[in-house]
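Below are two complexes that have chain A in common, paired first with chain B and then with chain C.
Coming up: the complex of A and B.
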């Protein structure tokens, strides 16, 4: 009986705080994406054609997000029934977009206009450990291109 | 070829559906499936248990033998224990208990007016019960009732049901955690009074009456315990264990019904040994 009460309390805490955190995060992601919209990112290996000389820089963004208790249980139930694990889908979406944003923020420091060869890597921090809340890490990296201002040719 | 990063609409990778809705649907689905399984298992338990050998039940009980109360060495205790064991063996024969089944009677120094049967043929008789019995016949009725539970494999059925329910609860809570089996084993306890259904109790009563008729030639004093309990009920002192039993009144009626169908030659009761007389 006490187990059930503890379980329900954890579930409620997990759901409430998890939901608030997720909402805020998505809001912030959407706002910052708008701010950094002018930095263009591509998975293409080479700069866009016609791109003249530029300084290149490795930029990266890294994020770790933990699942909450509610998501863990919901995903566990999904593990029995099968199907889309929506609880994890939102988590990974947040992590991916946040990682790209952080990478773009770094590129902003270099006054880059483009990032090419963007790659994403995902890792689970808690691997194969039972009874432990899982964390997901997403790492985004790419090559930032900063155009070199051409000195006006002296005539 | 122009390169651009257009604004991507929200909701492609993520659904707008409220997570609680999804959760409730899953919980409902699994809950219904489990309920169906429990229902079927509960119905089948009585039939399936016949295919579980009694030796398995004994092995199971042995694992929890450290939970058994240490037998006291006082000569008085041993005398009572021996007497109860002998009576139990006699009644088991009268009840035609299958040969592979053996009963072990334990005498507990406790004032509770109670007796119960559990896994592996263990029967517990409390001092409180023995003290209140006016004759061996009355005591034999209680013991025959407990032996009947063992003969009918009721402890096993009850355990099976209990395990199914806790398995269901745990699988919902743990949602597939590896610790499931461990928690289950922890829940088995030999000394926990297994709850038997009303039907089981009624069947055990009938079996006990037949045993008494076979052993003593009559069923006089068979209703003594129920009358005692009835009196206690009226004085608001309900023993917890018997609250799950069929109403004492109904049981007395069933016994009277049985008695009216019999025509014994004599109603002579066997007295309890002198030491068992309450002072």
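Coming up: the complex of A and C.
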């Protein structure tokens, strides 16, 4: 009986707080994406033409993000029925976008205009009960290119 | 030490390739942090302690790679890749590797 009560309480807490947190996170992601739109990211291996001389810097961003209790249960049920697991889809989307944003924020410090060869790496950190994924880490890294402006003064 | 994950360095010529250099570190989670993370697992959201832990671990792995490159006389590491693998429950290995080169 007590187990059931605890379970229901956790479920409600997970549902309400998880939902609020996710909404807030998406809001902040959208705002910051707008702010950092001028830094262009590419998955291409080489810098675009016209960057024959630029300062390069390895930039990276990472985030560890956890799923809430309600979604974990919902995903567990989905595992029985099969189909799209939206609970994990949003989790990974949030993590990837956040990691890319952090990478861009680091690039902003170097006054970079482009980031090339962006790689994304995903790893699940903890395995919860029944070997379910508890939280994921997403790591984004790439090479930031900063055009050199002082070139004409030197010659 | 210039570190980059592309194969060339814009505006500079690679004089000499010195082969692959690598650095790794295995980190376990802190018990206190684990309890906090357990609570966070109920409400969801970012686990800042873990984010920092992994950032630190990656920096250490990179540091080791840089030391190795310096030892063989390189001044840049190109084509750097990061990789993560879980070795045992509660421990993760962070691995970084790249090609050590000498730039003109």
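Simple rule for what comes next: the second predicted complex is superposed on the first by the 141 of 155 C-alpha atoms of A that agree within 3 Å, B and C clash if a C-alpha of one lies under 4 Å from a C-alpha of the other, contacts with A are read in each partner's own complex, and residues count from 1 in each chain.
Following the convention adopted for this analysis, contacts are C-beta pairs under 8 Å (C-beta built on N, C-alpha and C of every residue); 3 or more make two chains touch, one makes a residue touch a chain.
Remember, predicted model here, so these are calculated numbers, not experimental data.
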Clash-or-fit label for the pair chain B, chain C on chain A: fit
Which superposed partner A:48 touches (first chain B, second chain C, both, neither): first
Partner chain in contact with A:4 - chain B first, chain C second, else both or neither: first
Touched partner set for A:79, first chain B, second chain C, both or neither: first
First, second, both or neither for A:93, with chain B first and chain C second: first
Between chain B and chain C, more extensive residue contact with chain A: C
First (chain B), second (chain C), both or neither touched by A:30: first
Least Cα gap, in Å, left between chain B and chain C after the two complexes are fitted on chain A: 14
On chain A, the residue positions that both chain B and chain C contact, one per complex: 71
Chain B residues touching chain A - in the complex, by the definition given at the top: 1, 3-5, 7, 10, 13-15, 17, 19-20, 22-23, 26-27, 29-30, 169, 173-179
Chain B-facing residues of chain A, complex: 3-4, 7, 15, 19, 30, 37, 40-42, 44, 48-49, 70-71, 73-74, 76-81, 84, 86-87, 89-90, 92-93, 130-131
Interfacial residue positions of chain C with respect to chain A in the complex: 2-11, 37, 40-47, 50-51, 54-55, 58, 80-86, 89-90, 92
Chain A residues within the chain C interface of the complex: 10, 13-14, 17-18, 21-22, 25, 45-47, 51-54, 56-58, 60, 62-69, 71-72, 98, 116-117, 119, 121, 123-128, 134-135, 137, 139, 141-143, 145
